[in-house]
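Chains here go by letter, A, B and C, matching the order in which they are written, and residues are numbered from 1 within each.
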């Protein structure tokens, strides 16, 4: 079996991610790096969800952080207001995100191009405004603390445990995403991306497929948001702000739209970059803007697909 | 039995009637061609029949059932499929995958099963792959199955679209200029494919400019000009019709058409 | 009744600014089909540059035009380096590029200027004028007058001059314009320059009332976009009307419903328009030809 065929196989991609996840900590000089690693996998999870929507189905969402916000606040509010365990909050957040996605998805996904982009933008902003203003529930602009996750009687608060939790969850999520590629739903979505009208004419219920993947991607983002709040111990409305949504899109495009590995690469770059820039913290926003512009103009297909094309490999 | 029945179908774009009260009926198992000069409204008529444009007026009946205004995916489920003049190939998928999408309406797994890659999905993939491979053999593209669709030449892509449309198992197949841009050899291949399709019991409705192909394969021909019906009849009747000759065929093409019947 | 008038007046004032932002959007969209999210940053740059020039001793009468020129330069740079180099990109990629540009400009302003709120002295003093039972700031009248002047100038320019007609031609059909010898690249660049100027002027006029800071651009861009969508993206009249309507709706919502959710109005408007009537009030519905 040539190297190419091996890499084409989805298990190879999973094995690669798994290997990275296991090997990386060997180079971590301190616990701080576990936290960075956890953040990378958490954001990679959200980016992967968005990638399903953008890379597969060819849609766009400039408000995806809104779903992260729902997941993050659910995991904060449910224990605080209802005295229920955090993992129940995570499920509640996911359920709520799913319901919201189904509700707003149908009208929003009828739109195309920049109309769709702006509608999702509006949605994300509305979510952020709600979370900022409902101070009684959410603590307003300053946010609220999040009780730590209790799993099997142990408190999950160390960066190390979160590294493994988020890495494992990303790998599971990536497996699902890769499963989708070679499946009836996956083919239908890829068809919609290439020619919506041809997909229609072949009997694909385009609206239903788009809604389904939109909901799945919302669930991914919600779980990622919940993880973020739990590992930080704190949540503010920033988690679902406009800038976050744009960062997610940047991660997807940078890493490679439609690429699972790309979600990880994109997340790694955009999580590590601000950390590397803490010295010149003020320039963070400027650099982010330049990075987004630069990649969109020059390397539109993203890092992983460009490298993969050179190596002659197909689906990553 | 009239499998496709169009009555007084019309559509206007900003004041211009692109299709003006066109009526026609297609008998099951035949090849029905629609011809006419550029701008006559042929593709608009196709778009009306295949549910891409909602009609201003008129009725479409498929197998006796009123399907007017139904969207393309609902029509596909009732057995109406089509190809496109300007090729709507899924360029980033392989040739085989393109055709596999055609099987979509017969596939039974849902998104949850697909995400989890349950055994049923593996079985479904296998079945779909076999059907798609068979369809590719029908149009002579079996060898190209694993190639990226974007790598194929134009003529092959036209046949790919036909194979893809066929896997939906239509009762009626609309072919929009299947021989456009094809040379003589490729056109003859298209003719052979069409005859094969009809042989399998599928009704073919054709929009085409290539008179040789039209005269060769058609059972009935409908002539459109300026969005309106100009004439209808068998190949011989249409060729002899002076109005048609004047508006469209011209004396030269009429001679070509006569030769084609040889 | 007095309250109603008060809300209406403040709504119309801020609505004029939204209208100018929307006009900027429309100009660029018409010439190039690009939705320029950095439009809000032009407003921010106009205000902030003027403020900081006056802070280093430049008289206001010089600082304001200088700020407009600097903003125009930014607009031209955006066109030349970000838009022209990305030719052939899909509309979504282009929007994201302009979003990146707006983030970049915001970051730049943060570094070059600072993160505090700033104001400018109003043109005719700050004593409110009393109108029936309501009061209006003289600067509001300046804003309204300024917006009116801009609209009239733009209308005259596009209607009466050759360059203006070239702009309309490019907007209608870029290929056809190219074929008759119009340098469409210069036209598009020009539309960026004019939009930047309009934005900068709006920023300078409104700063005495609403203050300015390095991050006012984002929200302004979104509200201006809502206004453009409401009016019908592509329609200059629609942009202005849309802006006034969004401003009014916002003011009434803030006054009668809840001031906390004031900002949500614009986004609800966007969603409502997109769902109910994507072509807006004055736009033309375009059928999709296959």
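Throughout what follows, a contact is a pair of C-beta atoms (placed from the backbone, for glycine too) under 8 Å apart; a residue touches a chain by one contact, two chains touch by 3 or more.
Keep in mind it's a predicted model, so treat the numbers as computed, not measured.
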Item to complete: Please find which chain has its CA centre nearest to the centre of all protein CA atoms in view.
Response: A
Response to the item:
Of all chains, the one whose CA centroid lies most distant from that of chain C is B
Worksheet item: In whole angstrom, what separates the CA-based centres of chain A and chain B?
Response: 42
Worksheet entry | CA centroid of chain B to CA centroid of chain C, Å | 49
Practice prompt. Would you kindly tell me how far, in whole Å, the mean C-alpha position of chain C lies from that of chain A?
Written response: 32
Practice prompt. Quick one: which residues in chain B touch 2 or more of the other chains?
Written response: 52, 84
Worksheet item: Going by the touch rule set out above, which residues of chain A reach two or more other chains?
Response: 197
Practice prompt. For chain C, write out the residues touching at least two other chains, lowest number first.
Written response: 290
Worksheet item: Quick one: in the complex, what on chain B touches chain A?
Response: 50, 52, 71-73, 75-77, 81-82, 84, 88-93, 97, 100-102, 104-105, 107, 109-111, 114-117, 121, 124-125, 128, 164-165, 168
Worksheet item: How about chain C: which of its residues touch chain A in the complex?
Response: 35, 82, 85-86, 89-93, 95-97, 99-108, 110-111, 218, 222, 225-226, 229, 260-261, 263-264, 267-268, 270-271, 274-275, 278, 290
Fill in: Residues of chain A that touch chain B when the two form their complex
176, 179-180, 182-188, 190-191, 193-195, 197-206, 212-213, 216
Item to complete: Spell out the residues on chain A that touch chain C in their complex, using ranges where they run on.
Response: 60, 62, 107-108, 111, 113-119, 121-123, 125-126, 129-130, 133, 197, 242-243, 246, 249-250, 253, 282-293, 296-297, 300
